[in-house]
Each structure stands twice: as C-alpha cells, then as structure tokens.
Amino acid sequence: MIELLLIGIKVVVVTLIVFALPLPLTYIERKVAGHIQVRLGPYRVGPHGILQPFADMVKLMFKEDIIPAKADPWLFRIAPVIAMVPAFVVFATIPFGEKVTLPILNYEVNLYISNMDTGILYILAIAGLSVYGIILGGWASNSKYPLLGGLRSSAQMISYELALSFACIGVVMIVNSLSLVDIVKAQSGWHWNILYQPVGFVIFFIAGLAEINRIPFDLPEDEGTLGAGYHAEYSSMRFAFFMLTEYVAMVSMSILIVLLFLGGWDGPAFLPGIVWFLLKVAMLIYIIIWTRFTYPRYRYDQLMSIGWKILLPLSLANILITGLVII
Amino acid sequence: MAEQIFFFVFAILAVGSAIAVVSLRNPVHSVISLMVCFLQMAALFVMLRSPFIAVVQVFVYVGAVLVLFLFVIMMLDIAKAGMERFVSGGKLWVIALLGALLLEMVLMISRSRLSAITAPAAGRLTGTVREVGEALFTKYILPFEVVSLILLVALLGAIVLGRKELR
Amino acid sequence: MNRNHYNFDLNGLLKKVFFVDLIQGLFITFHYTFSKTITMKYPDEETWIPYKRFRGLHTLNKNKEGKELCVGCELCQKSCPTQCITVVPMQDTTGKGIADRVAYRWEINLLRCMFCGLCEDACPTEALKLGREYELAGTSMQRHLLTKEELLAPQAVPAEFEGGVIVKARLGTDETGIKVVPDMSVQKRWW
Amino acid sequence: MVPLSWYIILSALLFIIGTAGVLLRRNILIILMSLELILNSVNINLVAFSYFLQDLRGQIFSIFVITIAAAEVAIALGILIALVRNKAALNVDEIQTMKG
C-alpha cells in the first residue's frame, strides 16, 4: 500500500516540476538570447525581468481562444493535448538518481517512478508519438503554412528517429541492458559512455536537436518561410500547450543525453548524485539554447541529406565498430 | 479484480476505436482512432506480461506506420474521397455474414476447453528483452533473417514505387 | 593545367569532422554573452538626451531680463504647413515683452504638428525653438493643445546643453500620461 | 484474473470489425487500416496464448507479424501514391486496370 502511495506522490511531484519547468526556461532562454545578441532580454517585470514568465503565463491564459472557421474543430482542439501527453509520459521511466533515504521518516525511496526493463525503447517509442500533435495541429488548422509545417515535421521526425535510435544501440551494446538505471550504473567511476561512444554522442546530440525541433533543425516552425509553422493558427492556452511541449521535450532530451552518455548522477563524491545530475542537465540545456542563437537554420533538403546521407550511415558504422570491438 | 477492470477499460476503448476506424468518413479521423486502438492493444500486451511486444507495437505501429499513413493522406487530396457512402443496401448481406461469423466464433470459444487454461501463478517467462532476444537470435535466427530480407525488399520496393517516373 | 581540383584537402576534412568552424562560432557567441550590453534601460533608469539639432516639443523663449521674445508677428502661423499654430497679438505696455506687441494667445495643436521646424525658421526674434522633449504621448486631448503659458515654462533640458548622451532618469507617471524625468547630473556617452 | 477466453473474444471482435472495414469500405486508405487492425487482432491472440501457455513462440511470432505489417504498409502506400499519381483514384472500385 505504501508503495502505491509513494508512486502516486512521485508521479504528482514529477508532473508538477515538469509543468513548472518551462516558466524558468523561457526566462533563461530569453535572457541568454538577449546577452548573446548584446541586448538585455526581459528587464522590466520584476527585478531583472524575473517575473516576465508569470506575466506571459497570465497573458496567454486571458487571450482569446480562436478556432479558425474552416478548421477541423475536433482535431484542432485535441492536437495540443496529443502533443503534450507524450512529453510528460516519458518521465515515467526517467531515473533522477538512485536511492535516497528520507531524512525524517528513515525510509528508502527510489528516485524514479519505474525502472522498466525496456527503458530506452519505451522512451524512444513514446517520444516518437509527440510528432502526432504537430502533424494533427498542422493539418487541422486547414491553412497552408501549418500544413507545410506538419508535413515537414513528420518527414523530419521519421528520418531522425532512425539515427537517434541507432546511436542508442551502441550504448546498449556496451552496457548489455535497456534499463536506464543499469546504463547509468555501468558508467559509474568515470566510465562515461561519451568516452567510449564519442561518435554515438555526436549523432545522438544532433539527431536529438532535430527531434525536438530546435535550431538548426527547427524547420516545422520556421518563422522565415512558414510564419511560425504548425502552430500559426493557434492562440491562447492551446498555443501555450505547444510551447510547454517544446520546453519539456528539451528537458527530456537533455536528461536522456546525460543518462546515456554523460554518466547520469555519477560524479566526484563531494556533492550528492542528484546535484551532479541536475548540473549536467542544466549545462546541456544551456548548450542547446546557446546553439540556437549561434547557428542559422538549415535548408530543408540539407536537413534531409544530413539525416539520411551522413547521420544514418555514420550511426550504422558506429554500431558495426562497437560490435567488432566488443567481440 | 483490478486487472479485470483495466481489461474492460482497454477492451471497450479498443473495440470502440476500431469501430470508429471503419465507420468514420474522414481518413485522418480514422488514423487517430486506429492510434487509440493500437495504444490500447499495447496496454493489453503489458497486461499479458510482454512489455517488449508492447513497446515494439508503440514504436513500429504508432510511431512509424501511422505517421506514414498520415503523411500519405496529407499528400493526397482526400476532400472528395472522404465523402463516400459506404453501407449501401446491397452490402447488408456482408454484415449478416460477419455477424454469423462472430456468433460462431463466440460459440466455439465458449464451448471449448480454453477456460481450463488458467494463468500461471509465477511464470517462467517474464517477457524481458533478454529472453526475447535470446530466443530470436538462437532458435529463430532463420525466420529473423528472412524477415530482415523481406524488410530490405520492402525498402527497395517503396523507394522504386515512390520515384517520380518509373523507367 | 590546374590540378588544384584534385588535391585532397585533409585540413578541411578534419575541420569538418571535428566541427571546428561550428565550435569557433559557439565561442564567438559565448564571448558576446558576457560582453557589455548596449541596451538603454529607457523608461526606468536611463534616457537619451538628443543633440541640439533635434526637433521636439516647441518652447517659447525669454531674453536675459525675463522678457518674452515673442512679438506676436504671426509669421509662424503663416509659415505652418499644417496650420496648427494659432497666434492672436495684442498691445501691451506693461513691458512683459521686448516690444509693445506681444502674443495674447499662442496655441499649438500637437496632434497636427509634424515638427518640420518651419515656424522656428520663420521666427524673427528667435522666440520660438523646437526643444528636446520627445515623450509626447498622452491620454487626453488637453495634453496636446498647448498654450503660451505652458510653452513659456523652461524645459527639462536646457537649450545650451550639447546633448547626445544618456542620463539617469526616473519614470514619473501621472493621469495624463508617462513622463520620464531626466537627471542631468549623471551622464554617460552612447555605447 | 482475466481468463484467456476474454482475450480471444476481444481479438475475434476486432477481427470481425477489421473484416467489415475491408468488405464495406471502398476507400483504399481505410481498407489498408482495416488490414492493420486484422493483423493486430491476431497479435493479441498470439501474445495471449504465449502468456497463458508460458511459451515464447507467440511473442516471437507477433514480432514477425509486426515487422511484416510494417513492410506491407510501406509497399502498399508506395503503390497507393503511384496509383493516385497516375489515375487520381482512391476508390477501389474505380481501379480496374488489371481487368483488361
């Protein structure tokens, strides 16, 4: 009984944290963007603009919710939810650390909701579902730019999911397990997978950027050619759901990279594991934001040729070489 | 008991969405219902202690096959194809036949010895990836290779068919 | 024959493989992240004082003895392309002007004014100047119909001040609109 | 505990629905989806028997079924696109080229 209760508490806590994360992330992203472009970023709401995300949230809540007249009303309403659910469901199997003992109750708690036997496969499968929200949102809007955005993202996600999964396989071959906890345990003591799988890391990072629609691969929401892309017709909270999804996807992708390649919660002992974990994730999020404001966007044919002609053969070669080395 | 409740939830959702798949006019709505149906099936696979199959189901069917369907639907003009009248009067015998078939199947199942097979208390099989993988790569290596060959052929076929002009 | 075409560019290949150019780009943006920002914190903390040539809100000047320079000649009214200036002269012997003719009414409709500066050019006594006040937005019509008394009041930026600097400022808001009050004592150059 | 027959009945139901879709609908996309439904109903059978009889073969074969279904969809959609490009028809009754 107490186990069930504990799982319930963990689900609630993780969901709340993940729900709240986009607020600071939008602020950080805008601040970093500002400073990279020699601006200040948000400054007026609160000291150094720290209350800006709350102001944005309130604004989004009270905006009018517009459904275009020719849109498919049912799909238009359900698409943001379909987009958001997979982004949250992924966290069911993500471990944030090993065991901790609660200080007062003296009870050991696992820092994950479930340690699935099929951990990585589950995450990749669920993450693949997030494309539905984008495609359906684009299609249901019944407008040309969102439709093009949806088409682009479906082609992009199918292409890059291959490279992403193949990059994982190298890690799985080394560790001999699909469970994320096992993968992190196998990396303890500085045996980080990035040292053994540098090519896999680079492929995973690039394909991950494409998978979560970040620059330089944010073709589905290309402002220059598509006018915001698949969510061009969305407003108010439905638009906020799409934004939320993107930031949560960014967080989960950073967490995945940390777990697979950067040793998870492994680190020098003077800090607890969870702190190392959070530090690494924060660093990766910063790098993702940093790349966004450094590189220009790729053209669509370039995106496709990078995915199919470079990343996919490279990841296959990586699997081959890993297999040879292991044998 | 809890398991039965879950079974009923998943089964009713699966049957309902399956009916929606064949009865909705708009192919995009059909694809969404099919997605719901497949997800319920994945949940049933988890209940049957085979998580690997469940994940493969989500990965391959929901994550790839249905996205392909959506992609093709969006590339085609479905506006005129969507408005078809599909149960014409002449098709009533099909429904009658299918009903008879279903009745027969249910009768057979209820009168068979299936109820004698009870669920194993603590099974040998846990459905882990390790077990499935070992079986696939030792005992069933030949079918596995044949399937991979079929996939390769399908890949080539799809590329050839998808080209602009057939030479 | 140019055989350069067939040369194998090992250096370029290595650069591509190890993302040298991309990483260089990252370091450039990283450098900018911690460089000084050029944004002016405009309404809250800083404001921009324009150069002398700036054409902002009109001001009516007085001479050193405190006498009105305006002689009510109506030249500004005649020269105004949008006819936003109204001048009504009157005779005055009390000596508040430099001559015995002063403006009884001198009104301007800022909503029609386009700040072309022709009135300033037309003024024979240099009584009319276009000053450096540019925060002219307001919530009521009255704010834009300025009379002689309001224009005679000295502006926040003195006419002889060179301008072209950022000064500290404070955001003062009243019911008619937003006013940024500059503090001329603390100045810094642009950038 | 859920008895085996329930799973079998569910799979029979889904099978019948899928067959109905193939027989009643004329839209080629819906027919393809109904075929997927039929294949999946068989998968439920395989996995259910695999669990209740504690035999791995059911799971292995459902993996094969899924793989073949994916290959089939890829080919079928390729044919579909070629078909629509040449004839602009999504209704199976209008496609009679092979009839001569």
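Things to note:
Each chain gets a letter, A, B, C and D, in the order it is written, and its residues are counted from 1.
Following the convention adopted for this analysis, contacts are C-beta pairs under 8 Å (C-beta built on N, C-alpha and C of every residue); 3 or more make two chains touch, one makes a residue touch a chain.
Note that the coordinates shown come from a computational prediction; the quantities given were computed from them, not determined experimentally.
Remark: among chain pairs A-C and B-D, B-D carries the greater number of C-beta contacts.
Chain A and chain D, compared by their mean Cα positions, are separated by 33 Å. The distance from the centre of chain A to the centre of chain C, each centre being the mean of the chain's C-alpha atoms, comes to 47 Å. Annotation: 6 Å between the Cα-based centres of chain B and chain D. Inter-chain centre distance (chain B to chain C, centres taken as mean C-alpha positions): 70 Å.
Counting only residues that touch two or more partner chains, chain A has none.
Contact of a single residue of chain B with at least two other chains is seen at positions 52, 56, 64, 68, 75.
Within chain D, no positions touching two or more other chains are listed. A linear topology is adopted by the chain contact network, the touching chains following one after another without closure. Interfaces, counted as pairs of touching chains, are A-B, A-C, B-D. Chain B contributes residues 3-4, 7, 11, 14-15, 18-19, 21-22, 27, 30-31, 34, 37-38, 41, 44-45, 47-50, 52-53, 56-57, 60-61, 64-65, 68-69, 72-73, 75-76, 78, 81-82, 84, 86-87, 91, 94-95, 98, 101-102, 105-106, 109-110, 112, 114-115, 117-120, 123-125, 127, 131-132, 135-136, 140, 143, 147, 150-151, 153-155, 157-158, 160-162, 166 to its touches with chain D in the complex. Listing the residues of chain B that touch chain A in their complex gives 26, 28-29, 32, 35, 51-52, 55-56, 58-59, 62-64, 67-68, 70-71, 74-75, 128-129. On the side of chain C, the complex with chain A involves touching residues 22, 25-26, 28-30, 32-39, 41, 44. Note for the complex: chain A touches chain C at residues 32, 34-40, 43-44, 290-291, 293-295. Considering their complex, residues 1-10, 12-14, 16-21, 23-27, 29-30, 32-34, 36-37, 40, 43-44, 47-48, 50-56, 59-60, 62-64, 66-75, 77-82, 84, 90-91 of chain D touch chain B.
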